[in-house]
């Protein structure tokens, strides 16, 4: 089977720092691919390169077999790649619903919408509230609150809800549950399985091993800026995965997986 | 695939209602909440306080419909420029060229009718086109070359000022000559009386502009994008906004608004004088915006606040003038009042927390 | 031998100095002198003028024509230029002391003010005793021209100016007030509106220059008083003279920047050729290029020329 | 035993939003107290109130029995309370070592330090590197890198290392391991136990139940802006705790614990 | 107490060395890394390019030690003010009053010796005290009342300007009068020749100031705190910096530096003229800072860059003067050069990424 999204030999250097060191990557259609690795291994840089937020110094990226070097995130989004960034990419002073619909606002029906281009505040707020409730985020009292006034977890919920609301060709989630509570994390996992059911492949970056091993079809282990191995979570234990990613053990021939 | 961890299984029973707390609404609390959710009202309070202050000090002379409408006439041009400046400042930029764009625009409008004998429509279109083009150049340099807005507009300020002086040879066009050619350029000078109040079309244009921009900023996608870009450009870009388009559009729009200011200014002044380039419109416009509660760091503030900010400055200057201060003392008192007004503003915000 | 000269004006935005520059360029071309022009950024920008003098020295120019922004402070820089072997000629405003320059071709701004003051008093006749006068000045920092024209008007009108170096220390009850205009239409209109707020009965207006006067006229027109207020001004630019002809301005004192510039360039050329310096007008510390009162309503006892003549002599 | 840090009836409202609704709090000497609760329950606001970063509208706070309403974080710090904030409180453009030593810089010995007040860059960088290595953060290549260029986990490591480096009367950690990898999280837990051994009590906010139940002596369950219960992790299961904090079950008389 | 989870037990074996990657150092890469780690060098390159450009255009006349040192003399005062401005801008503030503080300070120094016959020492102390006090007032209003720096300093700008004009009655003090009273006020005007180069003590004072401030900003705690406060005031406060103290100290220091500028300015101009208040020192100082790479949003940039930024502006203006451009064209070219210089700067930064 052809990978839907793949990369070969990605390199990214920042001055004296090397973030990606000839990294490879493959995402198969319809799968949940987990990416794990130490802090600073280069996971976020990798996915930022995939979706155009970072321009790699070397290497090539293919979407459905075609070379596609995105130079900005808009291009990736238009190509159907939706991303939850680790730093969330929310506008602090804007409200929750403004943030959820940024760049895809809903306009009023009729003349007000087509001529006066008036936004349908009510509809956006309602949909935002629904999406958040789906995630189990029941503590948000005021839906027109500025995002900067939300708690860390509420903020992350908004970012996840946004990506989930606009399903597309590939969904990338960089540590979507890091700040979330037990209940909210569980809902995100359910949501990921939901998205998969719709046939959309997902890249999930996470440090939570039980979660990773629960939902992932394959696990990409990243170490020191490159892909160390790809393992099958049914064949390897969590301990193996952790040992590989921290350098305690070296995987054998696992790259071919 | 493994199973959820043990402790996650109890989640099915968790509560599914949105959190709510009882509200104890005393009158003061209500006011607080109102101010908290509509920060543009704070400068309005300061404005009213200031009017009251001068009204008490000078009595009817100040507190008359005539005086108050006169203040509106005096601030119309600066008010329009402040609106343009506000858009740019909301994107975390600054437009030092806005004043000279206006001057170049009215010089061109005037020259078209007086020197080249063009019809008023053509002259106006030319004026607006040039103003919009100047704005577009700023926007292009800021968004595509990623230069700091301060430097870009400092540069175009100089360039446009020089072009304006060289092109016009510094020649003033007299009101009589303009009027002889067309009445259209003076249309915003037309005034009508409602009792003692005198309202010019220029004042109405300013108020109309603020209403339109307020609508645009709050009820259209473009308006929200302006805020998003100024708030955190990286986040906006990642969230899928074409920041460079938004920036270019904003600066261009600011230029066009300067074109409107040019037209209104011809109406107010009658004659058309290129040496207006030296007038410090930038500082006045930025001051009005900041007093109105716009953050120079972008993304925060309401444009209605700027309208009140403009009026605050106008009321101050008229009030001081009626208090019979001589020009040097007026400068001093203006300084004191500016700080005072914003201090009160800040205090109200704090109390309404 | 090639003669090069520098012209340093206060600003390059005021039409007065722009014309002065054009006059100098024309004369220089005629005499075969290379002329470099410099200007301050705003009226009162002393620093740019000092830097300009230094550039001229570095450049090896033969002489400098300067319209000084700060007539006292510039003296030190002028001295340096003279030590470097240049002739320095003051235009428009004499230096303080006037002898600091090798020669001065200037308008007597006090006289300019005095003429319009005297004309206004004569035109009003008995009414002058209880006139209500507004002064539309330049900027709060009170540069020399501002003071001379303002105080000159008072002397001409018969008001005690107290300290003639300071605006605002007078106590004559006929003075309604002073306000500043930045010398342009917008400022003129606003200042006029302000003064009308102080006293709507105002009937005489002294303006620093013609753009301010035109602005004041607009403000008066807006309240329907354009016909019963006397506006006087200084400058004599062509639009200003036209405004006098239209009756918007009652009278204006005309000055002659082209003449100053031409005389200045000639003097430098002569100095370069012969080493000879020009002589001042007898009885004055400088060579007065003259002012003439332009009005179509001549008043007894005040010499004036009419607007036809004024239009002939106007400078842009 | 007297609590070392306690609060009674704390209330904090932001416009229409209620963050704390008469919350109580007690920290006993020498203990590790975990605070758990849904996203937006008010945990961060609670600890910000305790350390002066937020001024509560009502309520009182006592440190060692004395009423101490801090009005800014400096006062709390001077009183010996060291905090890792959820938003990390790092200066993005400053380097790692600058951030670690902000406000407690090391000066050079001798005249250069006392008269010229010269900073000892070398010493600070060395200590910063050591602290990070202790946390297992081995991927930081350049110690004078600006914090904004660090990965999410590296950044959190810096904040935790800073608080740990300056042990004091009370250490508060708001989700210190949220962005950390498996290895780094483990080190932080060890560090917390270390601090406890030194006799310093710790407040740990976390959504990671296994971690909480591993290290905590008592667990404060926060719900809807107030303390719902305090439980003993040896007597209650993780399931109980999760059920309480999400409202699935109501604890009985547990508040007295 | 429960046990660590199963998978956490393997961690004992994890690698304990710091990550390292091989370095491929070509010459270009080295240059890139150098520029990447010392961004202040970028304006230096632009400066050298500009000097080369004018040197080629005007030959020896421009490219002489005399002309180049003359430029230094011309920018000394603005350079010192730009240093003060930089400190304030680094805290994410702006000081519009810095120019008038200098003027007030030298008017006081002059009046002390000329009108009141005080010794030079007393005059200087009085001048510095007033300058520092003005700065302190700005700092107090910004840090304690939490007013926006733009508004605070706009207010004090007006107030100080008016005080200066009213107090001095706009009377210029001549060089001769000052010299008669004391030689000390003119000390920074003393120049000595090294070959054709002319160096004044004022120029040395400027350079010395930059070195001291560079040291302070990079090697003392206070300097790092200035950056931290400008970078993210909330984070700095939480991290345990007394932000309000840092702000007050910074504005006060900026005031004191304006006092130094006053002294140097007396040396350069000889006479003391209160009407200098109209000169646009603010814009010049901010321009130098921004061209030098300081971010107006605070917390970013190196003060050495500002020194080069000041010189860039000085070289431009001298170069254009020598090119025999007419003043209006000079304005135009200044605009073009400002944008050009910063565009090159940005380009180098991008390439050295």
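Chains: A, B, C, D and E, in written order; residue numbering restarts at 1 for each.
The rule is short, and it goes like this: contacts are C-beta pairs under 8 Å (C-beta built on N, C-alpha and C of every residue); 3 or more make two chains touch, one makes a residue touch a chain.
None of these values were measured; they are calculated from a predicted model.
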- Neighbouring chains shared between subunit A and subunit D, ordered by label: B, E
- Note on the structure: Relative to subunit A, largest Cα-centroid distance belongs to chain C
- Task: Compute the distance, rounded to whole Å, between the mean C-alpha positions of subunit B and subunit D.
- Result: 44
- Rounded Å distance, subunit C centre to subunit D centre (Cα mean): 72
- Query: When the C-alpha atoms of subunit B and subunit C are each averaged to a single point, how far apart are the two points in Å?
  - Reply: 36
- Query: So which bits of subunit C are touching at least two other chains?
  - Reply: 12, 42, 140
- Message: Going by the contact rule already set, what residues in subunit E reach two or more other chains?
- Response: 5, 7-8, 11, 14-15, 19, 21, 161-162, 165, 328, 331
- Residue list for subunit D, restricted to those that touch at least two other chains: 14-16, 18, 40, 87, 138-141, 182-183, 209-210, 224, 242, 246
- Full enumeration of touching chain pairs: A-B, A-D, A-E, B-C, B-D, B-E, C-E, D-E
- Message: With touch defined as at the start, can you tell me which subunit B residues reach subunit C in the complex?
- Response: 61, 67, 70, 73-74, 77, 165, 169-172, 174-176, 191, 198, 265, 268-271, 273-279, 317-318, 321-322, 324, 326-328, 330-331
- Task: Quick one: which bits of subunit D touch subunit E in the complex? Just the residue numbers, please.
- Result: 53, 72-74, 77, 83, 85, 87-94, 98-99, 102-105, 107, 116-119, 121, 129, 133, 136, 138-141, 162, 182-183, 186, 189, 210, 213-215, 233-234
- Item | Residue ranges of subunit E in contact with subunit D within the complex | 1-5, 7-8, 11, 14-21, 215, 219-222, 224-225, 227-228, 231-232, 234-242, 299-300
- Note on the structure: Per the touch rule above, subunit A residues touching subunit D in the complex are 14-18, 37-41, 43-45, 86-87, 137-142, 145, 149-154, 156-157, 175, 178-185, 207, 209, 224, 242, 245-246
- Can you name the residues of subunit E that touch subunit A in the complex? 5-15, 19, 21, 23, 32-33, 36-37, 353
